[in-house]
Amino acid sequence: MKGKRFALSKLYLALIMLITYLPLIMVVVFSFNDSKLTAAWKGFSLRWYQELFRDAALMEALANSIKLGVISCALAAVIGTLGAIGMTRVHYKSKGMMEYLSTVPIMVPEIILGMVFMAFFSLLGLPFGMVTLAIAHTAFCIPYVFMMVKARLVGIDPSLEEAARDLGASPARTFWDITLPLIMPAVASGCLLAFAMSFDDVVISIFVNGPKTSTLPIKVYTQIKTGVTPEMNALCTMILAAVIFVLAGTSLLRRQKARPGKRQ
Amino acid sequence: MEKRNKWGLLVAPLYAFTLLFVLGPMVYMVLVSFARNNGDGYGFFWRFTTENYTKIADPVYLQCFVQSFKLAFSTTFFVILLGYPFGYFMARLSERGKRRMMFLIMVPFWTSSLLRLYGWIIILQAKGVMNAALMGLGILKKPLKILYSYPAVLIGMIYALLPFMILSVYSSVEKMDWSLTEAARDLGASPFQAFLTVTFKLTLPGLLSGVILTFIPSMGLFFIADILGGNKIVLVGSLIQDQLTRGSNWPFAAALAVILTVLTSLMIFFYRKITHVKDLEEIF
Amino acid sequence: MKKKVFAIALAAAALSMTTAVQAEENKELVLYTWEGMFPQEVLDGFTEQTGTKVIYSNFDTDETMLEKLAQAKGGDYDLVIADDYIIEQAVEEGLVGEIDKDIVTNFGNINPIYQGQFYDPDDKYTVPYGAGIPLIVYDPEMTDLDIRGYQDLWDPSLEDSVAILANYRVINGITLLSMGKSMNEEDVDTIAAAGEKLLELAPNIRMIQDDNTQNALLNGEASVAFLYTSQVTAALNENPDLKVVYPEEGLGFGIMGAFIPSKAPNAKAANEFLNYILEPDIFAQCMNYIGYINTNQAADAQMNPALVYSGDEINGEYIENISAQADEQQNKNWTEFKAACGAE
């Protein structure tokens, strides 16, 4: 009976995943469509892949997007994680207010956020480019990491840390050896979300980017006048393929590594 | 005393960043919402007025707020319904299964959201995949006209926000101490009782953060309604967009944004009050 | 292990910050417009000819462009292509510089019917880059109606089957045209009346969208569509049996114009680029690519005939900037209309 329930739960996971991947399958299929439109299937073609490989600007935009995602995700991970841990221990009066404020960037509609960021950065005299993009993205990435870590920290037994300290571990050591491993799943999921949000953001980026720092979503969304071409589908397909390739590779490596001895 | 200072060091980056790059722009937004629009041209004047706020009382605009809340609530409801069990089941997978599932969830979100929405259009359209399948199976006689309607928008919203709930619930269930549930079972609780009194309670912080991460963005996400709903459901987000394009009325748009932010914050505040999550008392 | 990942991430972050700052170059032209406005060969051709690298920077809406340009005080960008009405505002703000006709020797190639317009009466600042006329397109297999004008969109037989573009000035405009008024009507009461009439259109609306609107017509979601020029072109490419209607009440025109910002870092290259694209074969290549109506007389011979407008039949007007009150009423009409479309 227990086995049956387990199978049911797996069936549920599989079903939801299937639905999640349906639109993605459409994206991949229509990257091979021999038409500029995604209205109907017109036959198999690789022309969008040819277009894609000629488009140096698009590749540069992709590189910018990855760079920006990594920077803002890393900054948000540090600020958000430290903040979440620190917040459970300090007793400042301003604490509640500050926690609220740090989540405001995901509350304010993006277009307004983009506009005020632009005005604010130019008030500070910051030159528009990667720096302004990174600051703006970090601002809306922090809440994801912060909330995830915070939820995870609730209920974690503080005696674990105290025990480590009693055994003579330095605070830094306690953090690396005890606290961080405990909250790592939350940091990881926060980072994954943050990266996804940064990698897909267009509205804020359009306002705070510089003349030479286009990101991938900007290239996609600004095709308004002529319509989004399947070149973008082709690019998405390539990204997917790359991600799957890397994941499969690392999991293979891990399996080989794990084989000789037992883990931990 | 010295100890406290050290902890203060941890929150310092968050304090500094938030004060400079969040509070600063927000103050600017509030200021703009009280400025006067330059009617016949570009930009606005720094002259105090409250007319941007009084204008919102117009039923046309109020309706947009109602629509936004309606959509945000129904989205959050369905996301909890689908996402909680998912996160729960996911946490019970093997270590490798968990890792794989986490990536499986996130991978679609590393591709353009616009293209994924176009994917949904291909699926949902009258001559699309879904209707073909349902009619092929003999479930439907006539194609469903689901695209450009409320259900289509809801599907798109749930799809976009589900991972937030899943990952929140997951990280909360994953760290749970299962011996507590077992203890409850040993004391004679039914599986359901044990779940409700122990598991559910212990994972409430995860659910709370999931709800916040779902509800907040769903108030602002309007391009899903524009694309899958054919622009027929007017949310505050698209109203703001309209005010900024062509109309280029920054102050009114800022006022709408201020009201939206305040209302969203209030919702979160009440939600927290109702659910009595003591452990998270400090969050808002 | 985790420490290492962390350190690498931080190092990568630091590194990319510095490279971003270094990217100062000498021979570059920063082109600022929507994505997909030029075939890659045309941009590459310019680089080959002059050695100047084209940096293609994008905005989503005209208003974003104006905001960014105003923040940069007319600098940062060398050449902008945007819609007519926003160019008028940019000129008023002093953000636009004059074109150097000593460099742009091909200026005479421009079709004069697209010159001397409201946004640039003396042809000092702009080179028109394609014109658009939103038109009605319908699938004769899906409706028996013989559509002749905007008024037919109100026909009860079209319930839930009309797709329209999402520009509030255009939609208000065609309603005004169907009432025998001007698209640039200033009288608020008349505009309010148009708003009332627009509400009657709501039951017929299947969808309102600005991008890929033609897909609704092609995939059978709608039987009639009111589309931008590039979308009309795309729809006909896909399904040649569709019927195109030049509405009898009159047409609404829009022009996209190229201009050089007042403090463009490399105005010389911008002028050279304008001269380059005004070459007949280059211009024809561009217009055929984006599917807009050709604005370069000398290029007409090499154009897809559907994209050449024979001047004399023009019965239309440009959508110009209107007073704040009139604009606000139009905005309100639009919000009410969209909400009415969603009401079951």
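In order of appearance the chains are A, B and C, and numbering begins at 1 in each one.
Note that in this section a contact is a pair of C-beta atoms (placed from the backbone, for glycine too) under 8 Å apart; a residue touches a chain by one contact, two chains touch by 3 or more.
None of these values were measured; they are calculated from a predicted model.
Taken as a contact graph, the chains are fully connected, with every chain touching every other chain. Ranking A-B and B-C by contacting C-beta pairs places A-B first.
Measuring from the averaged C-alpha position of subunit B to that of subunit C gives a distance of 33 Å. Measuring from the averaged C-alpha position of subunit A to that of subunit B gives a distance of 16 Å. The set of subunit C residues that touch two or more partner chains comprises 61, 212, 215, 219.
Along subunit B, residues 118, 121, 244 each make contact with two or more other chains.
Within subunit A, the positions touching two or more other chains are listed as 38, 115, 119, 220-221, 228. The part of subunit C that touches subunit A in the complex is made up of residues 2-3, 6, 9-10, 12-13, 16-17, 20-21, 23, 30, 32, 34-37, 40, 55-61, 64, 67-68, 71-72, 76-77, 210-212, 214-215, 218-219, 230-231, 234, 237-238, 256, 290-291.
Per the touch definition, subunit C reaches subunit B in the complex via residues 61-63, 66, 70, 89, 92-93, 160, 163, 166-169, 205-209, 212, 215-216, 219-221, 323-325, 327-328, 331-332, 334-336, 338-339, 341-342.
Put simply, subunit B touches subunit A in their complex at residues 4, 6-15, 17-19, 21-26, 28-29, 32, 82, 85-86, 89-90, 92-93, 96, 100-123, 129, 159, 162-164, 167-168, 170-172, 174-175, 202, 205-206, 208-209, 212-213, 216-217, 219-220, 222, 236-237, 240-241, 244, 250, 253-254, 257, 260-261, 264-265, 279-280, 282-284.
The residues of subunit B lying in touch with subunit C in their complex are 37, 39-43, 58, 60-61, 63-64, 67, 118, 121, 125-128, 145, 147-148, 150, 226-227, 229-234, 239, 242-249. Subunit A contributes residues 6, 9-10, 12-13, 16-17, 19-27, 30, 38, 78-80, 82-83, 85-87, 89-92, 94-96, 98-113, 115-117, 119-120, 123, 135-136, 138-139, 142-144, 146-148, 150-152, 154-156, 171, 182, 185-186, 188-189, 192-193, 195-196, 199-200, 216-217, 220-221, 228, 232-233, 236, 239-240, 243-244, 247, 251 to its touches with subunit B in the complex.
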